[in-house]
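Structures follow.
Okay, so subunit A shows up in both of these, paired with subunit B first and subunit C after.
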Partner chain A sequence: MRHVVVVGAGPAGLAAARAAADGGARVTLLDSADGLGGQYWRHMPAERPAEREHLLHHRWTTFGELRDALAAHPAVTVVPSAQVWSLERLEYGARLNVLVGEPDGVGREALVLEPDALVLATGAHDRTLPFPGWQLPGVYSAGAAQALAKGERVAVGRRVVVAGAGPFLLPVASSLLQTGASVLGVHEAAGLGALGRGWLSRPWELAGAAGKAGELAGYVRDLVRHRVPWRPGEAVIAAHGDGQVEAVTIARLDERWARVPGTERQVEADAVCVSHGFTPRLELAIAAGCALSASRFVVVDAAQATSVAGVWAAGEITGIGGADAALAEGAVAGTAAAGGDTGAGPALVAGRARTRARGFAARIEAAHGIRGGWVGWLRDDTAVCRCEETTYGRIREVAELTGSRETRSVKLTSRAGLGPCQARMCGRTLQELLGGPEPSLGTALAPAVDRRPLVVPVRLGDLAALPQRPQQSPNPQENPT
Partner chain B sequence: MTSYRVPAERDLVEPGPDRPLTILVDGEPVTGTAGQTVGGVLLGAGRREWRTTRDGGSPRGVFCGIGVCFDCLVEVNGLRDVRACLRRARDGDVVTRQGGRASREPDAEAGGDDAGGDDVGRRAGEGTSS
Partner chain C sequence: MAADVVIVGAGIVGAACARALARAGARVTVLDRGAAASATSAHGEGNLLVSDKGPGPELELAKVSLHGWARLADELADELGPRFPSIEHEAKGGLVVVTSADGLDGLRGFAETQRAAGVEAVEVSAERARGLEPDLAAGVVGAVYYPQDAQVQPVAAAEALLASARRAGAVVRTGAEVTGPLLGADGRLTGVVTTQGEVPAGDVVVAAGPWSAEVAERLGSWIPVRPRRGMVLVTTPMEQRIRHKVYDGDYFAATQSAGAELQTSAVIESTRGGTVLIGSSREQVGFDDRLRAAVLAEMARRAVAVFPFLARTNVMRSYLGFRPYMPDHLPAIGPDPELDGLWFATGHEGAGVGLAPATGDLLAATMLRLAPAVDPSAYAVDRPTLRNHRPADVSDVQGTGVTRASDTSRGARGEART
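Moving on, here comes the complex of A and B:
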């Protein structure tokens, strides 16, 4: 029986696991979290069931169906709290080294898998551009505010400013309102011009993405009901406070996202939630040798196959398209990984949904894509690398001193990007500050900044206790709810 | 108090009544409810910072909330460098403010064997290879 391993249990991974199982494969679904659903369906833990949790989610019934189908399928093993910490390339496919247990705990169970087919559905995390004061407690990524609201029923503040770029700001504001927080404003960096070009061109195509449009309309209704102003062409360009956020500076931006002088105003707030888009989580795809596109997503064909035999990819690592696209891509990838024909039946329908969603993604990029003027928000003492506290001034100094605009050499000298997050927060920012993407390294088209052979830090004791040869089957685990 | 947990009886999603748990944070009891992460308990109780950076000595807490940024590292029951946003809290957990940098350096092989110790902040800083 063909063994398919799916990494990531968000919409793409769940759909992939079900399609692969339906296609006759034995399936192992891994996720580093202790529940299913990924960030999109981030929800309350089993210990804290909530009667009306569906109010916080879209397509919640889809999640329930997928979860129940996987739990009931005899060929599916779900392994929660499973951290893939490295991936080794084999002649065909890959070997996954996994630790199963409490996050960052000791004595986790080691699992080594060599599947016949691998589906990567590792998703994305939000990207936040630096600004003065962004390292203060009280500044959160927008994703954090949402995860805490949905998964913990915690409000990150009482008077909250939401800022950044993209439609994701709207569900974040809604999530905050649902915790009872006051949302003082949603400040969208894209101006009306870019928004119009992105969203109003070829409006007939938007009819195909009706589900997505309806979801966004719901968030807009929330903002209107709570009288939350939504302001295009504005940004939070600084956060202020003694030890934590007490106020933010908001300014108008021009088309290039440069601040318009004289438009700055200070607003008292105790939290600010910021996101300027998403960064795909590419570690495993890069370790597997998958080719990346110029815009740094995993290249896949119509059947979601990557450039590496035996490895498929689905969801946000193939392009930021949202949950609908992820579900469609996952279904195709799972079918293909199980050895099925993706040209037929449901896979064909899924393919059409994926095409529609990709059009939506192109609009997001056209309207909300990062413009270079943001660099003007920085001061010399602004931390660019949060881990190492490397400032913008230091990075410029090192670039000038060493005469190097190559990201890796600036990183090594300034220590920017060398902290525990492995440049996940600042890597792409550093590249942009140093003048755009650098030439790719090696044949894998894997820019150094996204390469992380050790996906997460691993404790020495766990390394010592690793098994020497792969187990073909993980120990049965209880499925999470 | 800035951050807070929505009181169960006023929450639109209608979670059941709280099942309180108490963790000790630098010796002080902090109460949350079963199923929360350590970070969630701290934020829910209005605490937003629990680590100090090595060089700048500046306070940090949760930033990304999903285990990516490593800003929220904390010592739990003697084990350093635990991401507070991921680790579920258990009644009686002893949480200690973490000073200094993360001591497991991803670029220095698998990092150091660093569970416990009083002066780990300084030691970890010194032990960093660059």
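Moving on, here comes the complex of A and C:
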């Protein structure tokens, strides 16, 4: 029986696992989180059921159906708390190295999988641009704030400002409102011009993606009911406070996201939630050898197949299209990975839904994509890398002194991006600050900031305890160390 | 205006050559197809070791180079000022430990030969070793302490050498890949063709690290450099508990006969950033960049065997690079015996950072006919130990006396799997 492994149990992975199982494959679904659902359906632990779950979780019933179908399916194994920490590309496919157990626990169980087909659905995390004061306690990424709101029912503050770019600021504000926080405003960096181009130039598509429009309209109604102002063409350009956020500076932005001088105003607030877009989790796809697009998403064909035989991809690692797109792509990928026909039956329907949802993704980018003017928000003493506390001024100084604008060199001479988060937070920012294209050194030496052979930190003891697998050495007479 | 010298490769070796030549008065242009200090020199470590070298030409070069780095640390700091990223030169010393009586015998004998060659190698008891490194494993039965072992941060060091070379008039051009030779009527090399146009030069130095075979071939000659892959593990930052460069010498007893080179196995050390580096493996797999978990596991086992507390620390990163490996384990520094105008400074394998200063000085001395600090013949490109590595497909091109390789699949590229 064909063995399909799906990594990631968000909308894309859940849909893929189900479609693959329906297609007759044996399926293993892995997620590092202790529950299913991914970013979209991050929910309370089972022991604390919430009455109004459906209010916080749009399409909660879809999730329930998927989860129950997978639980009931005899050919499906769901492994929560399963961290895929590396992927080895073999001559005949991919090997996944997995550790199962509490992330900080000692002696996690090692699992090694060599599937016949692999579906990557690892999602994205939200991206935050730096601004003066962004490292103060009280500044949250929108994703983190939403996870706290949805998962823990905790509001990040009493007076909260939401800022950044993209339609997903709306559900974040909505989740905050439902935890009782007062949301002072939602500040969208994209101006009306860009928003008009992104959202209104093809109104028929918006109508086609009616589900999405309806969902967003619901969030907008929430804002209106709570009298939360939504302000396009504005950004939080600084946070202030003594050891904790006490106020923020909000300014108007021009088309390029540069602040309009004289429009700054201070607002008292005890928390800020910011998200300026998304960074796909590409580590496994890169390790597998999958081709990436210029905008650095995994390239897939109509059947969600990547450039690597035996590897499919779905969800946010292929483009930012929201949960509907992820669900549709997952269904197509799962069907294809199981060896099924994506040109017929449910996969065909899903494929059409995906095409509509992709229009939505393109509009998000057109309307809300990051523009270079944000660099003007920075001061010389603004930390760009929070782990190593490397400032904007130091990065510029080092680049000027060494004459190098290449990220690898500047990382190693300024220390930006070398800390525990391994440039997950600042890597792309650093590249944009340094400007200029990445030189292509080919293969291993391509200084892609997204390349992390170790997907997450692993205890040295866990590494040392891995089983010896002698068949692995392509060159047996060589000593491995 | 044509350059006197074109250097192909802006890694640590090319940078050291550029500085030495420019300060000796040559007009230097450094070309790199990528960015400076971003290839092998940014994918290794910065150990400046004498502890791992037995008597012989490599050790002689290493000893000179060790002084070279100490001097450079001061000169570069003076020249480039306090705001320039520090090259982090530190003579922290190395400690080679063993866990068996056999291992101890082997290490003792090796250290004896090193002492005879002028290396400071102090045998220390297990107890004293634990005084130097309190967290050593209980199984350690003895050690040799090498106070001369030092380190630099290779990327900062390469950038500093290049900045210094620029101040002496050198030009560094990145994004310029060398694709072929410029040849004079007499067959002499008169420059290079690059993706950014022709660059005429009096002499051309190949310092292209593990890609040197390919560059030599493109220019019409050959050099038997091959990639030898190494992986490094980096832990998350922590309070420093490891004070020296520590590695186990048991491997030496197991596989080496006396007098041969001690293979470096899992050098463990703290960095200024608070991380612990564990490096590095040695594999010949061409330019294959795929992760191999079994190699990481083996490195982890060796590290935990020396420092058991490390089992609880998190590894946040692994990276890999390709050492420029020579079949006789010695770098090639000097003129090409067949193609006039072509020079080499390459093949330093796992010691290119350590050997860079002496390499630059030796190359400049040979080219400009100054007095060299070491005997150049041991590193000469036409030495006997390299002759039989001449690829069969290199043939004399009629009339010019220039050798050319016709088969582009040999050497480094022939082994690449990616």
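Note that in this section the second predicted complex is superposed on the first by the 457 of 481 C-alpha atoms of A that agree within 3 Å, B and C clash if a C-alpha of one lies under 4 Å from a C-alpha of the other, contacts with A are read in each partner's own complex, and residues count from 1 in each chain.
We adopt the following convention: contacts are C-beta pairs under 8 Å (C-beta built on N, C-alpha and C of every residue); 3 or more make two chains touch, one makes a residue touch a chain.
These numbers come from a predicted model, not from an experiment.
Look at A:309: by the touch rule set out above, it reaches neither subunit B nor subunit C. Looking at the shared chain after the overlay, A:224 reaches neither subunit B nor subunit C. Contacts of A:459 after superposition on the shared chain: both subunit B and subunit C are touched. By the touch criterion defined above, A:270 reaches subunit B but does not reach subunit C.
In the superposition on chain A, A:152 makes contact with subunit B only, not with subunit C. Legend: residue contacts after superposition of the two complexes on their common chain; A:192 is shown touching neither subunit B nor subunit C. When the two complexes are overlaid on their common chain A, residue A:348 makes contact with neither subunit B nor subunit C. Of the two partners subunit B and subunit C, it is B that touches the larger number of subunit A residues. Contacts of A:178 after superposition on the shared chain: subunit B is touched, whereas subunit C is not.
Using the contact criterion defined above for the overlaid structures, shared-chain residue A:422 touches subunit B and also reaches subunit C. On subunit A, the patch touched by subunit B and the patch touched by subunit C overlap at residues 106, 388, 415, 418-420, 422, 452, 454, 457-461, 463. Of all the residues in subunit A, the ones that touch subunit C in their complex are 86-89, 95, 97, 106, 287, 289, 388, 397-398, 401-406, 408-409, 412-415, 418-420, 422, 439-441, 443-445, 447, 452-454, 457-461, 463-466, 468-469, 472-475, 478-481.
On subunit C, the positions that touch subunit A within their shared complex are 33-39, 42-43, 80, 83-85, 153, 155-156, 159, 162-163, 166, 172, 174-175, 233, 235-237, 251, 255, 263, 265-266, 273, 275, 278, 281-285, 287-304, 310-322, 416, 418.
Taken together, the subunit A residues at the contact with subunit B in this complex read 32-34, 39, 44-53, 55-56, 102-106, 125-126, 135-141, 143-148, 151-158, 178-180, 243-244, 270-271, 383, 386-389, 415, 418-422, 424-425, 452, 454, 456-461, 463.
Residue ranges of subunit B in contact with subunit A, taken from their complex: 2-6, 10-16, 19, 33-37, 40, 43-44, 48-49, 53, 55-56, 58-71, 73, 79, 81-83, 85-88, 101-102, 104-107, 110-113, 115, 130.
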